[in-house]
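Two complexes come next, and they have one chain in common, chain A, joined by chain B in the first and chain C in the second.
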Partner chain A sequence: MIETVLASLDTVFLYAFAGCAFLSAALMLFLKEPMRVALALISCMVFLGGVYGLLGVHFIAAFQVLIYVGAVMVFMVYAIMLLDPRDESMKVRYSHFLWPGAVGYVLLVEALAAGVMNDLPGPPRGPAGEPFSLKAFSEAFLSEYWLHFELTSVLLVAAVVAALAVIRVNRKESRG
Partner chain B sequence: MDKVQVLLLLATALFTLGLTGVVIRRNVLVMLMCMELMLNGVNLSLVAFAHQLGEAVGAVLVFLVFVVATAEIAVAIPIVLLLVRRKRTLDLEAFSDLKG
Partner chain C sequence: MLADLFVSVLFIVYAISVLMGFGTILTWVERKQAAVMADRIGANRAYIRIPGTQVKLVWWGLFHGMADGLKMLVKEDWKPRTYDWYAYAVAPWVVFTPVLLVFAVIPFGGVLHPSQLWAPLAAFFGDKSYPMQIATLDGGLLIIFAFSGMTIIGAMLAGWSSSNKFALLGALRAGSQMISYELVLGLTLLGLILIYGTVNLDAMVRHQSGTVLGFLPAWGIVYQPFAATLFLTAAIAENKRIPFDLPEAESELIAGYYTEYSAMKMGLFMFAEFIEIAIIGALFTTFFLGGYNLPYMNDAGFAFPGGGTAALPHGAVVVTQMATFLAKVFLLCSFQILIRWSLPRFRYDQVLTFAWKFMFPLALINLVVTAVVMWALGK
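Up next is the complex of A and B:
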């Protein structure tokens, strides 16, 4: 009895993490204050990191926590703290598009879920459930996909230049 | 139901919740966070497929999505702060004159 429970513990944790991630993502639509929305998103990302870890891709789990929670969300929380909490938009939750958005949501969920349920993904080609190793990933990353790697570095440079340009516009306006 | 299928359903749910949040929420920062949620949903589906096929392609794409998300936030937050400085509000309705 205990052995079966222990054997399926991975699956139990996986489903628990998945459910918690879904709940916190759903909370994001209903919470009013941006700081609480940010906290819900952070918990969703941490639970997703748990899911990745249970799937055996530990390096993606680590980077999920490091990059998303550690960098992106800290930046976001910092921006929220910079802003005025007396702002009216913190009180009003939804825009005019609430009902069209809700209807679109239902239709989209139906279409996508039907796709997932009907078109069953084929049987695994490789060894079933065998996660690829970090070594295989790194080799593929830097030999087979080097062009994509370089393209992302170009994208990062472009983003840095764009951020500097935005700040430059700001300075010119405040001077003139 | 298969494990991969459950994960794909979760990815679908995260993506649609994020898209709906972008459409119906009014606060610009909350909309940005919903976009991040959409990217997370895509990442989850990539990891699920990579897990199923036992190939590294999905993981490579996940890393590229990480970079894109970081670049997006690095550019979007200064823009939002500039908009707020001009209009004194985060309300999306205040920016409708940007339509031109």
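Up next is the complex of A and C:
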């Protein structure tokens, strides 16, 4: 009895974590206050980390929490901490793009569901049938994917510059 | 399967009781050691009287920890009318839980063979063996950084949700300081990863059980004395203790980010701080002081530099390793408390300047020198 429970424990936890991740992602969309939104996103990231861990790639789980929670969300919380909670713009729940966004979401879900219907790949394996280890990950990362990684960081720099530019434009307008 | 579950539960219970034990004992050590350093008697008033007699057990004030816990449990749980009650309620747990979780990947002993320990156990366990650590993961070091990064969010949430200017200032200080020192903390360990060639903590400890230069134990502190100093400094700053306790500097900010917390919620912040002292001790032991092994010791017994060996029975090895680990951690905790009662507090701009303009470059230089030496040695 207890043996079968233990054998299926992984699956139970996997579904629980996936469900919680989905729930927090949904909460992130529907909550209004910035700090709550950030907290929902943090819990979503942590649960996703749990999903990765249960699928046997512990270091991806560690990276997930380390990068998204430990770095990205720390800065977001830091910034949100300095917002004025009485700001009028926080009372607006949805943007003007609610309906186009909802239609796009439905289309996306349909596309994803079509993809999921096809056979799901098994847990990632290295070349020799070994569980995907940190060593295999590092080698693949530095031989095959380093260009993509560097390109992503270039994109991020571009995004930072763009964000600064947007702030500048808005400032000029408000000053008239 | 059942045997695995039993051992896992046993290890988890052991780890949690060790951490809780350290948390409680350290509140007493902190006061008693401060008293000894200042040539005072220190904590000596809490006692237990044996019922019906006048015999009072003082035990050097050891019961002060229990008295503290009792006081915090029965104190009024005062709730401020904050802007965000949810963040306020969740913040102490966001600080406390990751501190406990970090211990999951720290090895507190070598490999346990239950059947060699006591022959009748073989009927239940077979000839299985268990590494004495809760989670044996090949990315252990990454897990440590992943979890320790989460406490920053807790500290900031606590300060922000308290709706108190002192608390918000404390949260800002905590955020900036912890982000800065976490970077230094990570950089100091990169040199060790280069030398050991792994981020698996158990493999790191095994790497340290040999000798270097013929007679020195191959401990991390021998390879990287500089990184060890930087690591301990950055870790104390990360734990926000004197001389880096600016986020809770009582003469400026009352109690900083947990000003508005009372009773056991405040106790959780304090408890997390004391447990983190033990965690820092455990991490430093694992990275730099040969982990659970005595010098020249390995899972089979001793291998002395002259070539002599002394084999030990398995039970003796297990007990020695666990006791060695606890003793090393305790000594390091005591050393951290020594620092806390020796140095005056920095000014806040000094704390950040110290991180970015002094420790960060030093950690980088250490890493570059290590990399060049490893390259020159052809490894």
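In this text, the second predicted complex is superposed on the first by the 125 of 176 C-alpha atoms of A that agree within 3 Å, B and C clash if a C-alpha of one lies under 4 Å from a C-alpha of the other, contacts with A are read in each partner's own complex, and residues count from 1 in each chain.
Rule of thumb we're sticking to: a residue touches a chain if its C-beta (ideal position, glycine included) is under 8 Å from a C-beta of that chain, and two chains touch if they have at least 3 such contacts.
Keep in mind the model is a prediction, meaning the values are calculated, not measured.
Colleague: May I ask you to decide whether A:A71 touches chain B, chain C, both, or neither, giving the answer as first, second, both or neither?
Modeller: Both partners.
Colleague: Figure out whether A:L6 sits in contact with chain B (first) or chain C (second), or with both, or with neither.
Modeller: second
Colleague: On the A-aligned overlay, A:L23 touches which partner chain: chain B = first, chain C = second, or both, or neither?
Modeller: neither
Colleague: I want to verify the contact counts: of chain B and chain C, which reaches more residues of chain A?
Modeller: B
Colleague: In the overlaid three-chain picture, which partner chain does A:H58 touch, first (chain B) or second (chain C), both, or neither?
Modeller: Second partner only.
Colleague: With both complexes overlaid on chain A, does A:L39 touch chain B (first), chain C (second), both or neither?
Modeller: After superposing on A, A:L39 lies in contact with chain C but is clear of chain B.
Colleague: Based on the superposed arrangement, let me know which partner A:M81 touches: chain B (first), chain C (second), both, or neither?
Modeller: It touches chain C, and chain B stays clear.
Colleague: Looking at chain A, which of its residues have contacts with both chain B and chain C?
Modeller: 59, 63-64, 71, 80, 82
Colleague: Where on chain B does chain A make contact in their complex?
Modeller: Going by the criterion above, the answer is residues 2-10, 12-21, 23-30, 32-34, 36-37, 40, 43-44, 47-57, 59-60, 62-64, 66-75, 77-82, 84-85, 88-94.
Colleague: Would you pull the chain A residues touching chain B in the complex into a rising list?
Modeller: So the residues of chain A touching chain B come out as 11, 14-15, 18, 21-22, 25-26, 28-29, 34, 37-38, 41, 44-45, 48, 51-52, 55-57, 59-60, 63-64, 67-68, 71-72, 75-76, 79-80, 82-84, 87-90, 92-95, 97-98, 100-102, 104-105, 108-109, 112-113, 116-117, 120-121, 124-127, 129-132, 136-137, 140-141, 145, 148, 152, 155-156, 158-160, 162-163, 166-167, 169-170.
Colleague: For chain C, which residues count as touching chain A in their complex?
Modeller: Those in contact with chain A are residues 1-2, 5, 83-84, 86-87, 90, 137-139, 142-143, 145-150, 152-153, 156-157, 159-161, 168, 171-172, 175, 179, 182, 199.
Colleague: Where on chain A is chain C touching in the complex?
Modeller: Chain A reaches chain C through residues 2-3, 6-7, 33, 35-36, 39, 42, 49, 58-59, 61-66, 69-71, 73-74, 77-78, 80-82, 85, 133-135.
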